[in-house]
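Chain naming follows the written order as A, B, C, D and E, and within any one chain the residues start at number 1.
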Amino acid sequence: MIQELVNDGQAVSDTPVLSVRGLCKSFGGFHAVKNVDVDFQPGQIHALIGPNGAGKSTFFSLLSKFHEPTSGTISLAGQDITRIRPEKVVRMGMVRSFQISAVFPEMTVLENVRVALQRRTGRDIQFWCGLGLLDSLRDEAMYLLDRVGIADLADKRAADLSYGRKRTLEIATTLALDPKVILLDEPMAGMAIEDIGMVSALIKEISQDRTTLMVEHNLNVVEDLCDTATVLARGEIVAKGTFSEIRNDSEVRRAYIGTDYD
Amino acid sequence: MEIFGISVPALAGQLLIGLFNGAFYALLSLGLAVIFGMLRIINFAHGAFYMLGAFSAYMLSAYLEASFWVSLLIVPLILAALAAVLERSMLQRLAGLDPLYGLLLTFGFALILEGGMQYVFGVAGQPYSPPASLSGASNLGFMFMPHYRAFVIVVSLIVCFGTWLLIERTKIGSILRAATENPSLSEVFGLNVPVLITATYAFGAALAGIAGIMAAPVFQVSPYMGSNLIIVVFAVVVIGGMGSIMGAIISGFALGLVEGLTKVIYSEASNVVVFVIMAIVLYFRPAGLFGKDA
Amino acid sequence: MIEENCLALSDIHGWYGESKALHGIEINVKRGQTVALMGRNGAGKTTTLRAITRQLTRTEGSITKDGQDISAVPRHKLAYKGIGFVPEDRGTYNSLSVQENLKLLPKVGNSGMSIDELHSFFPNIQERRHAPAGTLSGGEQQMLAMARVLLAGPDLILLDEPTEGLAPVFVQKIAELLQDLKKRGLTILLVEQNMLFTRKLADHFYMIENGLVVADFPAEELSENEELISRVLGV
Amino acid sequence: MSNTTTHVPGPAQSLPSARVLKLAAFAILAVVLLVAPAVLYPVFLMKILCFALFASALNLLLGYTGLLSFGHATFFGGGAYFTAYCVKILDVGPLTGILIGVGGAAVLGLAIGVIAIRRQGIYFAMTTLALSQLAYFCFLRAPFTNAEDGIQNVPRGTLLGIFDLTDHVTMYFFVLTVFAIGMFTIWRIVTSPFGEVVKAIRENEQRAISLGYNVNRYKLSVFTVSAALAGLAGSTKALVFQIATLTDVSWQMSGEAILMALLGGLGTLTGPAAGATVIVTMQNYLAATSVPVNVVIGVVFVISVLLFRKGIVGVFQKFSKAP
Amino acid sequence: MSTLSKLTSVAFATCLATSQTVFAAEDPVKILVLDDMRGIFSGNGGPNTLLAVQMAVEDFDTSSLGTTVEVLSADHQNKADVGSSLAQRFIDEQGVDAITFGGSSAVGLAVQGRAAESKVITMTTGGYAPNFVGDQCSPYGTQWAPTTRELARGVAGTLVDQGLKDWYFITADYVFGRALSTDAADAVVDAGGGMKGETLHPLNTNDMASALLAAQASGADVVGLANAGSDTETAIKQARSFGVGDKLAALLFFSNNAQALTLDVAQGIRVSTSFYWNMNDTTTAWAERFMERNGGQVPTMGHANAYAATTHYLKSVAAAKSQDAAEVTAMMHSLPVDAGILENASIQENGRVVYDMLLAEVKAPSESTGPTDLYKILSRIDGSDFFLSAAESGCPLVN
């Protein structure tokens, strides 16, 4: 089914892989996301930009089903996922990363990736076997670690990694799931400049033949990486299009650069 | 006179007893809710505080010959002081850790306090008499109404709604709510949050102390008087919605009444009815009846 | 007198959890000045304010207010050193009414604003005083947050993105208020991305990038630095 | 232990010498357990083994999955009641009795788990506590438990028609076998692929969900297994002491198990057993003195929460690691 | 495993054998006082039972034994599992010869069962279920405490005779409580009275109000309390506030309950007891010595029975010149029980100790001359045909 998803996407490229209609979310009286309609085309890198508090992270949580929408629908590859549990969404091929780096701190780097591989290979419920069963996953895990450039850290405890390395590890773990849609929430946040280039290249690489949706503040990165961008402000979409279109949009300028006054 | 085959006096009587028990549930769950709201800790020592309230009253009367009324003023202060010391010296060290450690620590407090009182006084109940002015009873025609029980219900209502007013309608209350909503920012604004936390814990303990002294003349004053009661009160808090002040008060009284009603209809179930309700509430409304999404 | 340092940050390093966000910030704010911190999202502007108000996991370096080291003062005593803080998310207490929010902060000094003056500045707040703060619009919340701090009477105000997400009418209003505060001699440390807003207010600019001050210049030299500003802000 | 090629998880690298040390310690422990009844009173040893298993079962849930159940006595006592009833009234053999006890506890675990697993953290603890209290009243009222009197004089019977369990030493070796099977089960689970996923859930539940794991299903599985093992401990205890009472299902019993696990060291294989040994020994010796047992236990509890959250094993590891 | 098991058994046996040979020359008589030392029944048993046993040993001329007497004690906390394992441990490790028992009958029956298997004498001084000498009797057991049957008949019979015919029972919902209410109901019916109803409550109930209201609503003449310890105290205390106080009959009540409740609350309650501290000169002299040593706590029938039982046991050991349980038990059954503490006492074949009982009433504060002056004795009940005979007891050891 996942395979289908990609093929469909490539065959009919204007069929959106992810489609959102009338999405709303309110916490108490506060409307974090208001009536958002948006489609994401397959095979591209999309940026979701907007000032702090615009509702980008909430929007991500809604897509990945970590939050229940107040109203509206979300469909993934034509299938309605509005009432589906988050892990089910992952199994359908859409995986998210978190704003704050999410690793399993007490496990080694290798184990972090391995545990992600386990489910896909059906080695997640064997309570009667030893860990030897997982040996076969080692090569694949090492391959993924190598791909993101941290193979030499395989036996380190994840908690002992630097912040940038943790984000890298997180990307490796996400890759282990072989997702068709990746949601990256501020993948560069808090990173040193050296790391930004590295991660940026990594994202570019892994995004081939997948659909990537990322929240990012660094407009240089967005310009460099993304095919299209959607601008969110106060929970609403204020603009969408290619980056150059967006850049000259007055609403966007206002959202980013500011409002003049007398 | 009968309703559904149940005599009216029996029904009225059991409902009154239910309300009386509810008065204790409400006082205790209110204290737990106040503490939980601020400290995010389930105070397992609450039953022990309640017991200490009763014992303090007993000791004040036995050794210092203090009257019920004097004790009613002093006992909450004793409990507040004790709780403040416990919070300052130990509970505070757990700040920032998983709240489960708070639960476990207060569980340890309960073991020590109950075990200690058992060591000193044994398990057998100690006598404590209601004040002479409240020792009578009135025949209401359809039932016999002990004055002291009526007094307890009234005092509990006053204390509960007084607390609610204090928290919802006063400056102190607004400071507390602010500190609960955003503790670190409140500190930046100049509110002494650590002291507020200590004060809140002490206040919650004082409420338990009031419940304890009011229980002393009716129930046996014994070291484990609080240990089983507190589990019911936990259930009451969960039903009301953890941290919800109004939820604690209303569900406290309401569950007392439900229990009383169960005694008339099917008395064997009266011990479990609260837990059954809790299981149902948790299943359909996990945040409790009055709770916000947790 | 006006040259005297009100707030001085020297070699400030700060961490969120294990992630280091500040790498040796140096900032001096002179008494009566309005100083703007500029930089991209995530550059460390808000983090700098949080370092002053001690909301980071770990902070190293020296922070002095009026010459006195305040980096070891208990957090709840900072306000009494005359520091007022309006955080990025405004920090209004949603469960409290507008009035409760206003009266919440302890009085730490006299900034010269009476409650009547404030009411004339913020008529909405007066009107909606019984409503829960959570039901106010973003602009109203921002005004509430500023009014609240002014009532406490600090001589230094830390302002984090006061115009963020606000309609122009509110931006205007806030600018007027800040001009007024400047006239009254209050010291203001302002974090703001809205360049058009800042350039008419600030006396001095600090450009921050990756947790470091990369440049600073007085308002007079603004025009000479347009290119730098564009680069740092990434626009 | 045949998984020589795998990376043993945990902070300590498995150097060969550490491995030898571990094996040596294991061998010494085995020898101690085998000769212990010659030196110490067997019933006392059996009590330690039963509680060690109970605490370890709880630890499987608390230490390895991060779920604090405050109602595990329901499974411990439930197992004891089922076994006692079957052995005494239905006249089944000790082995069948224990199997029924374990099965019953597992069913109870599944039923309580389904409701409790919906909540997290402190809410989970409260839910298990309240549900176990509900179970307590059910046991109190159930006709087969004899309320306050309990099921007394439960015959130990003859194991497989060969071993006369009325003899303390024979019974001891039976209990030791049960204990070993229980501990092996726990070890097997925590060092299995399934255990890896469970560990991941404990460390970062959100992340585990985002890897596509249905975490509730894993939690429920562990809860049920933990309940079954607690039931195993309770069933065995019922045969050792020939009695099943309300004490076994009371919430204080749940608290005791938590204390043992915490004191010994959460999330370690041997910790809970060590904690159980200390507590049971203390109870045993203090009972004969005028020292108030509950106060001492309470103080130990408070100290371990405040100062030794890693427990006895944690402290030991710290010292053994220090250069 | 079986070889190993045998090996260690042998090793273990050797250990025991060695220790026995070493100490056999001066094998002391060891008595274990196993009681609820701090729990809800510790007032009528507990530490004061230990004191009574110690006094009995001190008062006994141990030279007639040819060895010393050692008194050990342990707290079973009213938990059957704790009690039975403590008993087992003291038997296996200390080699105790006799156990005096008080507290919850549920614990006592477990202890007696365990002791019987190991051939150890048990003397139930504070357990009131009839099963001790009934269906669960032990060949080495004697029950010194009266059973629910005598307690119930003593009070119920008398009150019905006085015209209080309609009864309502508030009963503790476990074997002891139910036995007490069943026996009392039988006594009431035998005497020509009737039952109005019954409310069962769990052990350790802190609010009896709803039960009391139900009793009040039934219109009964008497509310019989078929419970014990703090449950009884709670019921009495609360009955006063609901205006039911004058209708109470406590079926198991001790002088310590009266002291705890204060005479003001407890006055007028009718009780059936085997002992009151100043019922005769012997008891008065003994009780005064007793109270001197414990700070003025009045001895209950539990304490008196412990004294009498220990004295009789030691006398029997001396007479039998043996510590063997069977021989000593035979001697206990045949020797007459000393008069004084118990009046007209003898031991039946099933281990039942039979004696005269008293019906007493708690004094009003105005009638009392001091803190220890609690009861006035209304009548004496001849024990000879008041207790259930061995044949009727259901004890399987009696043919």
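Quick note on the criterion: a residue touches a chain if its C-beta (ideal position, glycine included) is under 8 Å from a C-beta of that chain, and two chains touch if they have at least 3 such contacts.
Bear in mind that the values here come from a model prediction, so they are computed numbers and not experimental data.
Path length between chain C and chain E in the chain contact graph, taken as the least number of steps between touching chains: 2. Two chain pairs are in question, D-E and B-C; the one with more C-beta pairs in contact is D-E. Comparing the CA-atom centres of all chains against that of chain D, the greatest distance is found for C. In this assembly, the chain whose C-alpha centre lies farthest from chain A is E. Taking the mean of the C-alpha atoms as each chain's centre, chain A and chain E sit 75 Å apart. In terms of their C-alpha centroids, the spacing between chain C and chain D amounts to 56 Å. The distance from the centre of chain B to the centre of chain E, with each centre set as the mean of the Cα atoms, comes to 38 Å. A separation of 33 Å divides the Cα centre of chain A from that of chain C. For chain D, residues touching at least two other chains, in rising order: 140.
In chain C, the positions touching at least two other chains are 94. Shown for chain B are the residues that touch two or more other chains, namely 118-119, 271.
Across the whole structure, chains are in contact as follows: A-C, A-D, B-C, B-D, B-E, D-E. Interface of chain A with chain C (complex): residues 28-30, 51-54, 100, 163, 186, 188-190, 192-193, 217-220, 233-234, 256-262.
Chain D meets chain A in the complex at residues 2-3, 5-7, 9-11, 13, 188-189, 191-197, 199-200, 203-204, 206-207, 209-215, 221, 225. The part of chain C that touches chain A in the complex is made up of residues 16-21, 40-42, 88-89, 94, 132, 134-135, 138, 161, 163-166, 168, 171-172, 175, 192-197, 200, 210, 233-235. On the side of chain C, the complex with chain B involves touching residues 53-55, 75-80, 85, 87, 91, 93-96, 100, 103-106, 108, 152. Taken in their complex, chain E has these residues touching chain B: 38-40, 42-43, 46, 199, 202, 204, 206-207, 209-210, 213-214, 216-217, 229-230, 233-234, 237-238, 241-243, 256, 260-262, 264-265.
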